[in-house]
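The first chain written gets the first letter, and so on, giving A, B, C, D, E and F; residue counts start at 1 in each chain.
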Amino acid sequence: MSTAHSSGPLLVISAHAGDFVWRAAGAIALAAERGDRAKVVCLSYGERGESARAWREGKRLDEIKKIRRAEAEAAAGELGAEIEFLDAGDYPLLETPELVDRLVRVYREVEPAVVLTHPLADPYNGDHPAAARMALQARVLAQAIGYDAPGEPLGAPPVFFFEPHQPEQCDFKPNVLLDITPVFERKRRAMECLPAQQHMWDYYTSLAKRRGVQLKRNAGPNLGLPVETMAEAYVRLYPQTTGELA
Amino acid sequence: MSTAHSSGPLLVISAHAGDFVWRAAGAIALAAERGDRAKVVCLSYGERGESARAWREGKRLDEIKKIRRAEAEAAAGELGAEIEFLDAGDYPLLETPELVDRLVRVYREVEPAVVLTHPLADPYNGDHPAAARMALQARVLAQAIGYDAPGEPLGAPPVFFFEPHQPEQCDFKPNVLLDITPVFERKRRAMECLPAQQHMWDYYTSLAKRRGVQLKRNAGPNLGLPVETMAEAYVRLYPQTTGELA
Amino acid sequence: MSTAHSSGPLLVISAHAGDFVWRAAGAIALAAERGDRAKVVCLSYGERGESARAWREGKRLDEIKKIRRAEAEAAAGELGAEIEFLDAGDYPLLETPELVDRLVRVYREVEPAVVLTHPLADPYNGDHPAAARMALQARVLAQAIGYDAPGEPLGAPPVFFFEPHQPEQCDFKPNVLLDITPVFERKRRAMECLPAQQHMWDYYTSLAKRRGVQLKRNAGPNLGLPVETMAEAYVRLYPQTTGELA
Amino acid sequence: MSTAHSSGPLLVISAHAGDFVWRAAGAIALAAERGDRAKVVCLSYGERGESARAWREGKRLDEIKKIRRAEAEAAAGELGAEIEFLDAGDYPLLETPELVDRLVRVYREVEPAVVLTHPLADPYNGDHPAAARMALQARVLAQAIGYDAPGEPLGAPPVFFFEPHQPEQCDFKPNVLLDITPVFERKRRAMECLPAQQHMWDYYTSLAKRRGVQLKRNAGPNLGLPVETMAEAYVRLYPQTTGELA
Amino acid sequence: MSTAHSSGPLLVISAHAGDFVWRAAGAIALAAERGDRAKVVCLSYGERGESARAWREGKRLDEIKKIRRAEAEAAAGELGAEIEFLDAGDYPLLETPELVDRLVRVYREVEPAVVLTHPLADPYNGDHPAAARMALQARVLAQAIGYDAPGEPLGAPPVFFFEPHQPEQCDFKPNVLLDITPVFERKRRAMECLPAQQHMWDYYTSLAKRRGVQLKRNAGPNLGLPVETMAEAYVRLYPQTTGELA
Amino acid sequence: MSTAHSSGPLLVISAHAGDFVWRAAGAIALAAERGDRAKVVCLSYGERGESARAWREGKRLDEIKKIRRAEAEAAAGELGAEIEFLDAGDYPLLETPELVDRLVRVYREVEPAVVLTHPLADPYNGDHPAAARMALQARVLAQAIGYDAPGEPLGAPPVFFFEPHQPEQCDFKPNVLLDITPVFERKRRAMECLPAQQHMWDYYTSLAKRRGVQLKRNAGPNLGLPVETMAEAYVRLYPQTTGELA
């Protein structure tokens, strides 16, 4: 895959510090290996909602944020991605015009060719849809020449939702299966940067295998795919534009 | 586009003799220009349900079939496609195991890389969903090594539904917009092989423009697309499998 | 309401002999009072699936059919409607090309301005969707000049689904609420022609009140509707065509 | 159509200054020709999100608002409608209790018999659903006698969503097709009041033809409609209440 | 039913003071008869949106609140439930972080085993979905050890939506039918604590009968249910977890 | 679990010989351990569509059927279930009135308290929905006293769909998660009776873990569930009827 052509910057907008690792590390590593810029924006550290072990150990809020930040930076490093933290707070992650405006400025600066974020429904975690709504709103605002922010109006980069924890309950019906076999070892190492959630390492390895089985089933038996194909599932939000059906 | 790589045979399964022209001629011509085999299978001539003018003129059933066949052959010729007629009757097009079996044999012989057919819902025309159900069932049967028909088991070619006449009423939400600008003149000439429906020529030209506007809107303003981009809309049935999000 | 203008024939296609009374008697009586022809076609007598009491009483099949027929005729008489029985059998009501063809001939003869039938989903009774599928298929076939049956090609009469017994489980989301207050007494008398199901009389009276409350809620408080408005709920299948939004 | 009976005031609530022209001018002109009051409320001028050409020409914000206002006033004049601008800002149009309250007061003053607004989903433009949500919330509030605003409690006027730019992507499944043939020339002239978007004139003329074809298809061949029927598509939100199925 | 085992506290979150009576009184009385704590939280008194008669009689806002409070307290008393009023205002009921935080504290204090609230869609009343969104968000927040509020992190109590006034329009497809026959008299007495809405007493009695008929239909004829079974309908939001299919 | 009360016979209707093992073995073993009768009906052996390895090895049709039958009998034996083969043929499994009638007779003989079958959608395998449609139709027919088959009319046993291979593509949104931890070893041994699909053993073990994680997430952290809870996912078709919300 290292010879694949560059296709432009990848922007990943996630609610908490760890989301991008479990759900989109493969796509990020593929972009980095192609030589594309990959940038992750974490709206919060997940300091309240996704740090149960640290709270049980009696850590303070500022300590938890610091730990989560370091872990996420290490994971991003393994994947070859930049990472930025907006520290907007979690549980709840509040939607505000100011936060949306910060995202507009990110879009204008990164000029992404592809955007990844959470799906719009998640009855188990309100921060995820809130992040997705802001990511989508900011993308539309960044397209308007009349929106007052530095940089050029954005094009229309495709948006892909990455996989939530309970996909069926989130109305997540994958329409893209991404082959991450060539970079799965990098994804595994990135997951191992998050030691507090060690049980997730195997869980997401198993999920990648299962999505890989589906990829092979949908691609047909004749494609010379490896016995153990690893995959990530995505939902494409806008219609694909193409010069060829395939 | 003439330098595009070959991607394998295209199979189009349509209920009546004219459907492939209005709805999928662009995709067919693109395949032919790439050097791929393109094969159209018409389950019927549309002799009862889509030949109102001929009936009003007092023509007989056998005459109508002959006319429709000649027109469809001419249109296929313009597009560079083979065409086969199964003459299964229309209005209604009846689903039978025998007709499905014939389609299995077509799949095994053509070994398509891509399949096009009608969407599964159409409250205005029961033949269209009937054709789609048979096309899908035959594709699955052709994949089984245990199915008793000549040839090798089929792979898992992607299936795309082409656009029905009243898309919203048919739950047709396009997720692929195909740029047919390079071959639109061929599509126009193929449409002109169907003189009894002259009012459709402009109708489908106008539709191609409208879908083209949407293609540009979804592709972003920066892509160097021509002022008048022409497009066809499709719905992809199975998840896309890919090595890159784009 | 007796001064309302005539709007053309009404055709009601129901799976069993009693369905039209509980679910559509109001619409039928309104049509009759307007002076329109109203015709009910019962595909079966409901002799196996909807005659539990008669079977428990030890009646024979031919007796049951005769009873159900007489009851349905009496009810149709109260409503001012013609009634025809196709005696196609129930539980299951089998879909056949021959039965669809008979319905095509009914359409061509009646030339309905409005069609009523069952909704397309009913997990409690497979005969109801089977009747609906045949009613819809026959309507489309009757529109084709090339379909070989007496009479002129049918226009495009609107189709309304009448209310099933468990509406939410049948995906029945009413988009038309019909005011049947002026004819409710006729509906009640028609229901009373079906003595074996006496508990239904009050049940459907209660339903008419509830749908009437909803009608008033959706019509606004200013319309001078009576305190106790009675209504039937319907789902319109095809888009309404109109010269005025109201 | 000039002899049609008056049916009460029409209220159109749109996010930006031009929306009502492209999407609902036919319904507005029909109301005006019937002698009904027609009032358009524009929540913003569309100064940031829908004035790309003016921004590229280097115009200032206040200039752009002024231009857009003048154009919209001219278009409303052509249609025979009043117009009011709330100047709430666009891109993003922010939902606030104050803005909703202003709309409640409009409802109480106009006492509309029919309401038109945007559909609730639009992945291409967040202002449109925001306008729709406020329009619907205000309608419900205006119905409550306990809501503290001048005027009488509102009835329950039906709400129709007008057509978005990419209907399928907005889950816009038309259930009403409005015949605007008698007033299409007025719609065309109103469109021509918006010179910055000249390419839209033909685009929406073509759309009106296409919706007109669908209207004829759904109305049946027997209605004496003109060869070129022009139509607008709508989605009715609440159930229709009626004394007659038609 | 008085011998049924205790299953833990029941928490009911409703937008207005009367909602819990019409829609969930049966479930509340069953819990109380089992010996479980039942707590009702009313976000508002429904003073503006659901007190039309009092406003027409010229009562003042503070009087209306007082009346509604007294009525709701009496109804809760009949059912054996505690009741708390947050007095957050209605029409509109505004979603705020502060109100959500108050609900988090209620969850942490009550530690409910079961939660009841409004469904998420209601085109007739925006306060109902607003209450539901806050109830669901607070439940998730209360589960996080990192959320700063007294008490232990909440478990994952199941959530049931109770029935809205026009169920089909609110996408309310019941998946649980609760037998309230043993406590229906208590529900009736609780309803009679709300004298301003006397017409509702019979309306909801009739609804309970209708849902009871459906319960019997779905439970099978062999269960020894009484002739007149009374029921309430619910929608379960999260998957049921069980050790036995039944 | 061995002390759980008996709840009546379990009937499993599956298209092919192996389906019940991968997808429902846990539910079957739980029923058997409770002392309930568990009966599996296989409509076909899966001899053409699900025996790829045997065909590649050159086996004949009758040999393959014999092998599949022996394997399925062994698996049923491990689970404590009866098994019956209708040998109706697969790929395609054809729906016929005769086959439905045979299922009616099974229902009347078994008098199931619970029914398991395939979901109604599966774009990868047409036999699965065909089996489901027949299982559901036969259940309704068996309820009618007028249906001419031995035995008493059936009650209304609940129906659960078991999990398909690609759940999201089959619109399979689980609403019941069944704890199969106590019998997972039996499920594993039953899977090991199918040696030709050895890769499935780990696949379905992994799936059981994943569904178990979801079960714990939905049941709350306080329930004393084991670290590694194993689960199967189901969709309940009809509303649950109950005397208690839980």
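In this text, a residue touches a chain if its C-beta (ideal position, glycine included) is under 8 Å from a C-beta of that chain, and two chains touch if they have at least 3 such contacts.
All figures in this text were calculated on a predicted structure; none of them were measured in a lab.
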Neighbours of chain D that also touch chain B are A, C
Per the touch definition, the chains contacting both chain E and chain F are A, C
Could you check if the interface between copies chain C and chain D is built from the same residues on both sides, meaning over half shared, or from different ones? same
Name the chain whose C-alpha centroid is farthest from the C-alpha centroid of chain D. F
Based on CA centres, what chain would you say lies at the far end from chain B? E
In whole angstrom, the CA-centroid distance of chain B from chain C equals 38
Chain C and chain E, separation of their C-alpha mean positions in angstrom: 37
When you check chain D against every other chain, which residues touch at least two of them? 124, 153, 169, 174, 214, 217, 238-239
Chain pairs in mutual contact under the definition given at the outset: A-B, A-D, A-E, A-F, B-C, B-D, B-F, C-D, C-E, C-F, D-E, E-F
Name, in rising order, each residue of chain C that touches chain D in their complex. 1, 4, 7, 10, 27, 30, 34, 113-114, 116, 153-158, 160, 174-179, 214-215, 217-223, 233-234, 236, 238-246
Can you name the residues of chain B that touch chain F in the complex? 97, 100, 136-137, 140-141, 144-148, 153, 237-239
Would you tell me which residues of chain B are touching chain D in their complex? 124, 165-169, 171-174, 203, 206-207, 209-210, 213-214, 217
Touching chain C in the complex, chain B uses residues 47-49, 51-52, 55-56, 61, 64, 91-92, 94, 123-126, 169
